[in-house]
């Protein structure tokens, strides 16, 4: 039934074609995933370097080695690189691209050329954004709030244009995934038999398609304001800076769910496999992914409780924000319930999954403080918020991302990574992360504001502890990436189709998969997690 | 609720700043309740998870059960979190409403946030007094702040009063509090506003009513003194002090000591002797002549300073030998 | 398959005429009937929505399409409406 | 007429099972892309509604100073082009590539007509100093007062806020014009392929995709016209 294709010949997808040109013009989703790996890991290291520089600078209340402007630029670059170039493309583009067609029994994504185009969008957009460094960097914070971003002499236009182009990478990936999930499922694979990682990619794709265009038009208006001098958000002409915040957060809050829902999908897969037990409440987890992506469009106002938004709007947003917390709580309970009466094994992916469970639970409950109106008035724009979103983004999205990377590593590269060092890196990141961000919660509740280059002496001990923690978490992640890169080239060869004993489709084909994924398309008979 | 705060403080050091205004206990009580619920929830979930990992580890248990779902359990952990979360939201809204209602006899002070300093304007029988960085406030008197900004977004935040509101250029925002404790309380700017965002701090000085009236009378009297150098000092302290020192050291801009009559070298113009015309021009449009080695960071003060005030500054700079 | 429904010329002409008529209606109501600023705005938007649904239905074959494409078109409109609603929520009560 | 460069497409790409599945997939992909177009222009419409609520008199003054007759003409031109595009899709589905080619030519002609009318409108506005960008903003208040409808007075029209109306006017209609130009490019692509006689009743995905895009651009103008010119 699968018609033979002219240019697929022996060997797996990595060595079936040689030469850089064959990689740069590939339309094979697995190769595009590896190309995303290189780009995303490079930017993760650069962003992480900026984070360590920031923490080093904040070791003492007085400036250490940066001026005010330099600190603002490093702070903005850390934010922009991590958000636009690492976490938003991270799980969906890298692991989604690799695993989606394999898990639904398809030969490739629906629009392979579009898939390659979204990789180029990310690379070109990132190049444009990085060009801003040559014109003095950007010092507006990754949120580009007007009127400061309209007036700042820095090269804001470059980063904004870069983010605009990278937005297309996100939109095209979203379109690709929705059509693939709808049209290319293997025979017998109904929607309710889809693995939960596919459900999470589907929910994420909906957000990517609906929310990213609004960011596109917002950034375009900001570029017009800076280049043509039309002052749409400029208060001198009566423009309303709070309107920019509405536009920006209408995208950026669903964007934080683009970051976390795919990671949740990976956690469902990893916990089911490493507990060797059927996932608990399959329907509940699948529908809560959709519920989160639906409600996420109605909650953006909780970023603007104190920004001049009307009190009434704040109250409505406060209640809706609490509602978006409920599906997340349901997922957490279902994951822990999956471990009940299972056969739990603590390999590296499972350790990262447990990192996710613990850190993301803290991230979730601290969200309650910020969603309660009166408490947010006190805690808004303090280090409490910084710690909250690092717990959800780094503790949640990135831990899920690394769990997925280690989980699919044998299938992607056909080699094993060093298991012992993997576990060490999981523990190091957990310890270092908590040492970095628990003190920030305490500082934040005492009123230490965000984005401060010099601060009040009373907060010095907390900053010091946080800086020490940042060294440990940086070492942990560098070790994790080192293990993966070394494993790719020197790891023990893995030809076993199903090293972890999982029941989803991607483990039925050989390691690493051939160009067309399956020699013949499997037919699915039961639900995805049938661990009898 | 008070004992709850003390227990938590003892346990986790999550001490909130001191309670120096009315209605602050509302925020602290809700904060402590959420903290308690979070700690109980988190430790509970982690304990159950750890128990499952140890009890059902692969080395101990070799047969995993087939439990696809359990309706009662799922209903419980859907309904209970919804009730708790929405309950917290409603409590937060009620607390906000109470903090938000402005009593009718509130004393009005105008706050203006400008790039990297706070300015407060008091009205006393149709006379306006501008004060920088330190805001005097009578104790146990409800105060309402009507705030705006002149250039970019700032945010007026006093942790001890648990109040915070952005100051938006072109828009009036208000926040109100009733100070209950005397003393100095820190003001922070919490909306990113550029180079010296972290230096934009001030103090709320809560004093007794008599002490406040005495201070205000002195300020009003000072407001209409005639000596230009004295006035020049006042204008300098309110607008220029953050970036230019009266000595020779650089804060962000060049120091002003010995400026009058000295020769100035520029990045984009040829040298000239500093005179009244040069000082006036560098206040109105600073970027036409940028002193060598300094960034073009200064905003124009056109429209912010009257001609008279610029004259006073020039007189004041003349005295800086 | 539902996708291959051929829309006859007659239907296309009727659709075009109805759109032209509705354009005339919207011009006339806006120019000569004054219902106050909110009235005019809502009326104009209502007529524009009718025209949009006509174009969606007949010109873009949504009437003959499966459920999925209709939900996509509906989602686009619904999320935009929610965005406008919540933005107004802030501006009204400021 | 050069013979078709390759035989009529009867075989789907390697990862699709059938041509039918590929057609449905690409149509769904185009529909998702249309949702992104709706959301992108939606952002501008939200900006328009908010500023209209905040500066109502300025929007009435700005709207009245536009020439609504040209707007109405443009609307009719676009509706006609929508009709010819829809009919072209029908003809391709019936295999009548010749007729479809003629209809697409008419659509391209309408698109050019639309851009020409737009050019005259823009030059008239810039002539009256109403372009909000660079330093061309020298609003000719007399011209605006003269066109202002009864019941509204010119003195509560603040030129600074009026500039906001023209910012949105030029951004929205400019971006819409850009989409028309992209549409013209797409249609030339379809014309080239029609000339190659590539389409057949079994394979006409590209024509339908460009048709959907063109109808969405028409719908955006259907909303833009009353908001800007009439109310």
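Read from first to last, the chains carry the letters A, B, C and D; within each, the first residue is number 1.
The rule we apply is simple: a contact is a pair of C-beta atoms (placed from the backbone, for glycine too) under 8 Å apart; a residue touches a chain by one contact, two chains touch by 3 or more.
Predicted model only: the values in this text are computed from it and were never measured.
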Chain occupying the middle, per Cα centroid: A
Most contacted chain pair (by C-beta pair count): A-B
Inter-centroid spacing, chain D versus chain A (mean Cα positions, whole Å): 35
Whole-Å separation of chain centres (CA-atom averages), chain B against chain D: 47
Interchain centroid distance [CA atoms averaged], chain A/chain B, Å: 32
For chain C, residues contacting two or more additional chains: 68, 75-76, 79, 83, 87, 91-92
Where chain A touches two or more other chains, by residue: 182, 210, 214, 236, 238-240, 242-243, 246, 250, 308, 311
Chain-chain contacts as defined at top: A-B, A-C, A-D, C-D
Contact footprint of chain D on chain C as seen in their complex: 1, 3-4, 6-9, 12-13, 15-16, 19-20, 23, 26-27, 30-31, 34, 37, 40-41, 44-45, 47-48, 51-52, 55-56, 58-61, 68-69, 72-73, 75-77, 79-80, 83-84, 87-88, 91-92
Parts of chain D lying in touch with chain C, wherever the complex brings them together: 20, 23-24, 27-28, 31-32, 34-35, 38-39, 42-43, 45-46, 49-50, 52-54, 56, 60, 68, 72, 75-76, 79-80, 82-83, 85-87, 89-90, 93-94, 151, 208, 211-212, 215, 218-219, 222-223, 225-227, 230-231
Chain A-facing residues of chain C, complex: 68, 75-76, 79, 82-83, 86-87, 89-94
Residue numbers on chain A that touch chain B, as the complex places them: 68-69, 72, 139-141, 143, 145, 147-148, 151-153, 235-236, 238-242, 275-284, 306-308, 311, 314-315, 318-319, 321-323, 325-326, 329-330, 332-334, 336-337, 339-346, 354, 357-358, 361-362, 365-366, 368-369, 371-378, 380-382, 441-442, 445-447, 449-456, 527, 531-532
In the complex, chain A residues that touch chain C: 182, 206, 210, 214, 242-243, 246, 250, 297-298, 300-301, 304, 308-313, 316-317
